[in-house]
Amino acid sequence: MFETLILILDATLRVSTPLILAALAGLFSERSGIVDIGLEGKMLGGAFAAAAAAAVFGSAWIGLAFAILASVGLALIHGFACITHRGDHIVSGVAINTIVAGLTVTLGLDWFSQGGQTPALTGDARFTSIVFPFAEQIADVPVIGLIYSELLSGHNILVYMAFVFVPATYWIVFKTRFGLRLRAVGENPHAVDTAGISVALVRYRAVIICGILCGIAGAYLSTAHNAGFLKDMSAGKGYMALAALIFGKWRPVPVLFACLLFGFLDAVAVRLQGVALPGIGEVPVQAIEVLPYVLTVLLLAGFIGKAVGPKAIGKPYVKERA
Amino acid sequence: ADIKPAVVYDQAGKFDKSFNEGVYNGITRFTKDTGIQVRESEPKNEAQVEQNLRRLAQRGYTPIVAVGFNMASAVSKVAKDFPDIQFSIIDGVIDQPNVQSIVFKEHQGSFLVGVLAAMNSKTDTVGFVGGMDIPLIRKFGCGYEQGVKYVTPNATVIQNMTGSTGAAFNDPTKGSELAKSQFSKGADVVFAAAGGTGIGVYQAAKDEGKLAIGVDSNQNHIQPGTMLTSMVKRVDRAAYKAFEDAQAGDWEPGLEVLGLSEGGVDWALDDYNKGLITADMKAKMEAVKASIVNGDIKVHDYMSDSTCNY
Amino acid sequence: MSQAKVPVWVNVGLIPLLNILLAFFVSGLVFLAIGQNPLEAAGYLVYGAFGYDAGIGYTLYYATNLIFTGLAVSIAFKAGLFNIGGEGQAYIGGLGVGLLCLWLDSSMPLIIIAPLAIIGGAVFGAAWAYIPAYLQARRGSHIVITTIMFNFIASSLMVYLMVNWLKEKGMMSPISRTFQESAWLPYLHDVFSPLGLDIGNSPLNLAFILALLGCVVYWGLVWHTRWGYQLRTVGTNPTAARYAGIDNAKVTIWVMLISGAFAGLVGVNEIMGVNHNLLLNFTAGYGFAGIAVALMGRNHPIGIILAAILFGALYQGGAELAFEIPSITPEIVVVIQGLVILFSGALENMFKGKIEGYFLRRAAA
Amino acid sequence: MSNQTPPYAIELEGISKRFGAVQANKDICLQVPKGSIHGIIGENGAGKSTLMSIIYGFYEADSGTISIDGEQVDIRNSQDAIKVGIGMVHQHFMLVENFTVLENIVLGAEGGAVLKHGLSAAREELKRLETEYRLDVDVDAVVEDLPVGLQQRVEILKALYRGAKILILDEPTGVLTPQEADHLFRILKSLKEQGVTVLLITHKLREILASTDNVSVMRQGEMVAHRETATTNKDELAELMVGKKVRLKVTKDTAQPTGTVLSAKDLSFFDSQGVERLKKVSFELKAGEILGIAGVSGNGQSELLNVLSGIAPLSSGEIQYAGQTITASAPKNAAQMRDLKMAHVPEDRHKMGLVTGFDAYEAAVLGYQNSEVYNGKVLMNRKAMLSECEQRMTDWDVRPPDPFLKTANFSGGNQQKIVIAREVEQNPEVLLIGQPTRGVDIGAIENIHEQIVKLRDAGKAILLVSVELDEIMALSDRIIVMFDGAVVGEVPADQADERTLGLMMANAWNEEKGAAEA
């Protein structure tokens, strides 16, 4: 029982990682007032770039670099539309998601002729597990051994990065000059502007950070959790990350827990499938599959009620009406 | 004779690592052997399936091979309007004078790899990861289960479906999680009948040092060393044969069922997995294969009655 | 005080045109990047979409779906709501249509089935929109998130129903039995042929007329009824709406019901008009494309029709293109769509300021 | 303009600024001597805020130059302005409401990438400033919890913290009680003594005369006059502003109130955050009288109007009106109240009274959209709407009289006429009217005031909310004063004077205690 729990938690960490990265990405963007429904597309673009570069150069790190570049590029398009040209944030996000969905496959097909997929990655082209020192040796120590060797040890570097990013995000957002300006610009851009700070610059920086994190999330999908890019491989994770961000009320630690919850549900669902539950019987696959979505709706409706985001979110900053 | 052959893939596209890709391999070989170009088409929605079939027929392409069960209704409509054109549909059955229906006995092939899985399992627990939860995939699972139980009657077969939409054939992440969950429940051999999802399953097996079984085309090369075998479904051969027959004037409408005896399904043994297969195992596999062919072993077909009672 | 004004044609004609041209220009770059001649590709695209009878038929057939989803997105927009759930509503709407056809096709004539199925599609689509609407109106749950979630839920629900209940026995893929012809919406080519008109074989069917009717209804409803007045008030100024005694929550719910109903009518075109059986994934992204259609159509029925035809042409021309040049995949059409959304939606202001400024200065001088 | 005198603190030359079709500033020249308080007046929309925002770098001028201390400077953004020692307190506060005072003050001047050190240094510096200028405020309080008066102090501190030598205040007293305003002017005096130059925008001629050294007048984007304050007077300034002679008084007979038409008992209202915005408010409103509600804005007047008109639900208490008893459990919404012949001219016409995206004829039926007059069986009766709108536009002299013009494109005064006409023409029993002349020029004010009095004389009941004491005193027959959501006193109009009302508005008998708390 305990072992099963550890294994489920272990899976939870793996599954949550891209959600955490993407949700933190969204946190930076949305704290600055830029709604980002394009997390999905940036992740997908990052995943493609990572896998493509890793396949060509044989290095996961180069893959990661390209993922970040690609994702930041997309983030800048979003910024260009929303910050510079006061476009609708959601429309811009939808556009980016659509473009990336088509472009990754088109380019993939042109470059690798494998139906839009990248070649399967092996060896250094993938991020592999890091085994903690003595993980083997103490694996048999009761409780602690299992926690240490199974749950904590044996993930790839990006997983650990994701978890380090949470306190880092907290520190940046609440304890630094940039964080102060970031929060201010999402609440009242006029105040920031009159304080002599460029609203656009702060927002662009936020959007770039968002791009970096989405890029890492994408790289995780294609070069760490999996071994190559597949069409539409982000599979709605960007939307789930967005939901987690709203649950977590735009705060790093609660957002982390929201992501872990979704990851946990996913991990449990995998293990619940085909298992007859006492009193219920075997639950249809579809019912389990749909659980995170239903839960999101229920939680949004009941638990947290009205999620009040940054006040200026989604509103273009207009100084002069033409 | 000179023929103008064409193929219409289904919406998964020709590089699905599954039967579309098998067909693609078949026609590539055909083109290489005969120098005859095959017109390919990849529709992206229901309407385009019919549209493309119609357009190919209008332009006089024949025979036209339609890949996948999804195309049945479109083929049947178009075939009615173009009685002079020959249509071959793979994985679907249509009773029309100018349509050839090619289906496979996937349960037999799955039975075979089930036998091999059982022989390789130290825990007497094996796994099955299906793609989309549809009868066809259950057919794989059911055949596999029978094969496993044939060797080890009290073995446990953990079965999971990846999902319920077409995306389930393209979700390696989920595949890898499902495989890992099966490993954690004690499985040490996993058979994936899940298209692109399988990639994740094979990866997970590799990462955890367990064994995996591929599907449709020979996938042994994907993770050498931990790919026990692949259940091959020779759609390549089916497509090749349709064109070859047409070229020779031997193409015939009607139902063509390709099982073990016809070489339509099989298990794969090659350089990549020969290190895993002992001589004993190989002998046993040959024996089982022979028994299935001569009818001593009857493998229940899930789709005959939508149950797995054997 | 005389006011310098920007001519109307600039706003509804010139600027959208520039945006589309830019989208196509960038698409051309993508073609170049993958080693295709953009002009040749454009040639196939235009020919495929408008070059021959059946091609036009296909274009209009796609446009039918897009008009429905465009109206759906647009009417919600008018009330300030972003309905991203068109996809799920269309899916469930199709379920409604399909269930009615399966139920009645052997006992009723078309003249009875057709109106019932249309109502059924609308009601099912509306019902699927109701929950997110209710949650938005009464619980303040963000409608963008809930409608996205409902797309996922719809797709799981459909699979469950198709696989477990509606699938035809012995059928490999989860599709229902084919309806009897009494539940087929007539094809337009069948309607026209007795008149001696040959318009080519295409899936274009009477649902297209329904879509046009939908546009008229939209127009009347939004601009000529008190209900539409309330809806527009809520959409442009919710505080003023409260001041005017308009129940925002009620309007939110109603408009989403209508939006869902419009989306649900996609099912009429797809299920009753073309496929003649119930199947999975027939919505094929029309719900999302509806966002682009509504935006490009400037949330006006005429605009929506034009935009839907443009996108329909992209679908059909794109299919033609992919057919003629096999190395081009249909995904490239998705890219073009995305670019159109980007340039005429998100970046619509890119030229606007400069162009309007130019005309204002001209008018002022 | 020669430069023989010591250099000016600010000198503007040829500043022009255009927003789309609106020429907000046109070739403006201005000289402000160092260490003086310089007033700027002008009607709404004259371009005062625009000019100040240009000096502060918030907008970039289309042309013209700015010199500070005799040196031409290039101000492209607020950062540049801050660097040359300019600070500004905006008409609408530029504060991040959910930040603390301290965070707001250091924003943009954090003194390092990590906040910690900057914050503690700022705390020290603020202590000094607070004592030096008597500007005490709790630096750890969250801004949205502070009363407006204190928020304004935060704005001033913000400017001083950045070392402002030139301080611009845009209508600082609009939100203050007369006493708070007095305090502000004392602060400005002491700033002036320290050598700070002050630019002060206000509509209140009294304040100009009392506290400035010089005054400049703007009209329609142009600078039309400069005066030494000592040499001018109210009438001259008013005339300069409007461009014609104006009458600053309302003429009306004494009221002939009859029976009570509306009585409110113990009305309470809690907002969505759970804050009590109305505290047991009771009063009676009689036919044929104008009841004025005075108070600094934000003390519950808006909520009172909302609750009475059915826009916001009562939390407790009851309203007796038209034979109905309205309580929290038996509420009436805005539409039902309209049916009971209660009309409402809201305080904020942009946010509430109009839909600026609608054509004028559509906006002219807002709230009455369900009325039979405007509706056929299914469709709305556009013809009726149009002809009625045209009629009203002539009657009320709305310019331009074009029912198809977008509401947004009417000037503020004309928008207000559309709203007031709509409500008054329904011939209501009770008219709730908030800030009837906010943003309306002096000519139009006269007309609106006449209409209100006319309605009263026709025996209707009028509840008038205004933050302009002059307006309240001129129109009302009876005056109620609100403070912090409660009624703190009632005065008959003929006994009201600015001082008493001002003290009541500040809840003066509690002032000592209140100050101690803050």
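All chains are identified by letter, namely A, B, C and D, in their written order; residue positions are counted from 1 within each chain.
The rule is short, and it goes like this: a residue touches a chain if its C-beta (ideal position, glycine included) is under 8 Å from a C-beta of that chain, and two chains touch if they have at least 3 such contacts.
Keep in mind the model is a prediction, meaning the values are calculated, not measured.
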Label of the chain whose CA centroid is most distant from the centroid of subunit D: B
Computed distance of Cα centres, subunit C from subunit B, in Å: 37
Where subunit B and subunit D are represented by their mean Cα positions, the distance between them in whole Å: 76
Euclidean distance of C-alpha centroids - subunit A vs subunit C, Å: 30
Residues of subunit B touching at least two other chains: 13, 133, 164
Junction residues of subunit A - those touching two or more other chains: 116, 286, 289, 322
Junction residues of subunit C - those touching two or more other chains: 156, 159-160, 163, 329, 356-357, 360
Interchain contacts (touch definition) - all pairs: A-B, A-C, A-D, B-C, C-D
Residue ranges of subunit A touching subunit C (in the complex, touch as defined): 37, 77, 80-82, 85-88, 90-92, 94-103, 105-107, 109-110, 116, 236, 239, 242-243, 246, 284, 286-287, 289-290, 293-294, 296-297, 300-302, 305-307, 322
Sites on subunit D touched by subunit C in the complex: 20-21, 309-311, 333-338, 344, 346, 351-358, 362, 366-367, 369-370, 374-375, 378-380, 382, 399-400, 409, 411
Touching residues (chain side subunit C, partner subunit D) in the complex: 1, 3-4, 220, 224-226, 229-230, 232-233, 236-237, 239-240, 242-247, 356-357, 360, 364
Complex contact set, residues of subunit C against subunit A: 30, 33-35, 82, 84, 131, 135, 139-142, 144-146, 148-150, 152-153, 156-157, 159-160, 163-164, 288, 291-292, 295, 327, 329, 331-339, 341-342, 345-350, 353, 356-357, 360
Touching residues (chain side subunit B, partner subunit C) in the complex: 13, 39-48, 50-52, 54-55, 69-70, 72-73, 91-92, 133-136, 164-166, 303, 306
